[in-house]
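One chain, chain A, links the two complexes that follow: it is found with chain B in the first and with chain C in the second.
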Partner chain A sequence: MAKTLTFALMDPPYEDARSTTALRLIDLALRRGHSVNVFAYEGAVYLPFAKQAPHPNAVHGRDVEQEDHPNPKNWIAALLALARQNGSKLDWVQCGLCVDERGAAEAIEGLRRGSPADLFKFVEESDNTLVIPTR
Partner chain B sequence: MKYLIIESRDPFDSGDVPQLYAVAKSLRADGNDVTLFLVQNGVLAARPSKHSDALSAVAKTGVQVLADEFSLRERGIAANRLASGVSASPLDVVVDQLAEGRKALWH
Partner chain C sequence: MAKKILSIIESAYRATLEEQDDTIVWLTHALKGAGASVDVLLRGNAVNYAVKGQDASGLAFGDKRQTQPPRIDEDVAKLTTKSVRVYVVEEDVTDRGIEGRELIAGLSAVSRTGLSKLFAEYDQVWHW
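Right after this comes the complex of A and B.
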């Protein structure tokens, strides 16, 4: 039976395996048909930052294509597409205060700006919530 | 009550990991159904070593101790050579137990 799960994320991209694990969990939940809410706050508001760009690796002599550098914004776009494709829901809220502090307003499409009040609402409406705190 | 405790930290690096093991044992001693799920560097304790004895002791109390298969593979830890009482598991278990409504704690 489909449930609603909420994940609260704090970590910025390129820092810790927690971000990868969080995105793996969201992917699995969507593939099982669950609705997923995400509240991204603090550094996590940079996970869907639109200006992330792949880069070459001069040290190893690889161009952009060979380096195949992963950008979390693409993974999140893929999760949004997955939710649309299988009829589930991914409601991703970016903490507005955290966004403004960090100048991270240029996020990919399909997300929305919110506040901690959205997290409270998510928790009240969800079957379960997992907070993945930074260390 | 049913609990899902997720340990992402390496006991060789974080001195508070044994405290989380103690929480799992304590919840179990109170008659709860407890899963301790190891992920990321948390799986390093599943490799037979000085710290794996503490993990096996948790399992002996009846706590279900699972280690994320992907995290094990990333670290070159063979899933068939884990410490006593620890089993390799897909991450799906976390999603299923969250959907089941278990009280969840990430460390």
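Right after this comes the complex of A and C.
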């Protein structure tokens, strides 16, 4: 039976493996038909930042196309697409105050700005909540 | 009826420049204001949040001063006035040489061995 899961994320992109773990869990939940809510708090609002850009990697000897490095925004866009494809739901809310303090308003399409009230609503409608905090 | 949430705060004194307080204490205030049924457990270094009289003032870089420094002990004390129960792990308090008289009023002490029983009282347990 499909469930609704809420994830509260805090880490910015790249700094540690927790963000990757979170995306793995979200991917798995969506593939299994569960609905997923995400409340991106603090540095996590930069995960879907639209101005992330790939770059060539001289150490690898590859140009930007060959390097083909997905930025976190690409992974999140893919998760949104996955949810649409299999009829599940990914509702990703960016903490508005966190966005403002970081100048991170330019996010990819398909997300929305919100507040702790959205987290509360998520929690109430979810079967469970997983906090993946910054350490 | 809202789900009962126990929010464990362990990572202490991080990101205090963001809200000029602890971001999870801030979030707890916001959730409570939105109607959540949420309590807080301070453990590890975060038990120091409950030590009264902390003074983080004086931060300045160049001629830019922080005029509203974090007042985390006061923010925690305000939670208790909003019907948020604030627990502290008593061994974590003792291990840090903190005397009971140094703590703000309105706290509930819980032993490490009592945590599992406490957790069982809640629908969700979050660990920050």
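Just so it is clear, the second predicted complex is superposed on the first by the 133 of 135 C-alpha atoms of A that agree within 3 Å, B and C clash if a C-alpha of one lies under 4 Å from a C-alpha of the other, contacts with A are read in each partner's own complex, and residues count from 1 in each chain.
The rule we apply is simple: a contact is a pair of C-beta atoms (placed from the backbone, for glycine too) under 8 Å apart; a residue touches a chain by one contact, two chains touch by 3 or more.
Remember, predicted model here, so these are calculated numbers, not experimental data.
The superposed arrangement places chain B and chain C next to each other on chain A without a clash.
In the superposition on chain A, A:E67 contacts neither chain B nor chain C. In the superposition on chain A, A:L25 contacts chain B only, with no contact to chain C. In the superposition on chain A, A:A17 contacts chain B only, with no contact to chain C. Contact with chain C, but none with chain B, is seen for A:F120 once the two complexes are overlaid on the shared chain.
With both structures placed on the common chain, the touch criterion links A:V131 to chain B and to chain C. In the superposition on chain A, A:Y41 makes contact with chain C only, while chain B stays out of contact range. In the overlay built on the shared chain, the residue A:E101 is in contact with chain C alone; chain B does not reach it. The gap separating chain B from chain C at its narrowest, counted between C-alpha atoms of the superposed chains, is 6 angstrom.
Once the two complexes are overlaid on chain A, the chain A residues touched by chain B in the first and by chain C in the second are 128-129, 131, 133, 135. Chain C makes touch with chain A in their complex at residues 2-3, 5, 11, 14-15, 18-19, 23-24, 27, 30-31, 33-36, 124, 126-128.
In the complex of the two chains, the chain B residues touching chain A come out as 6, 8-9, 39-41, 70-71, 91-92, 94-96, 98-99, 101-102, 104, 106. Residues 8, 41-42, 97-98, 101, 115-117, 119-120, 123-124, 128-129, 131, 133-135 of chain A are the ones that touch chain C when the two sit in their complex.
Interface residues of chain A facing chain B in the complex, by the touch rule stated above, are 3, 5, 17-18, 21, 24-25, 28-29, 32, 34, 127-133, 135.
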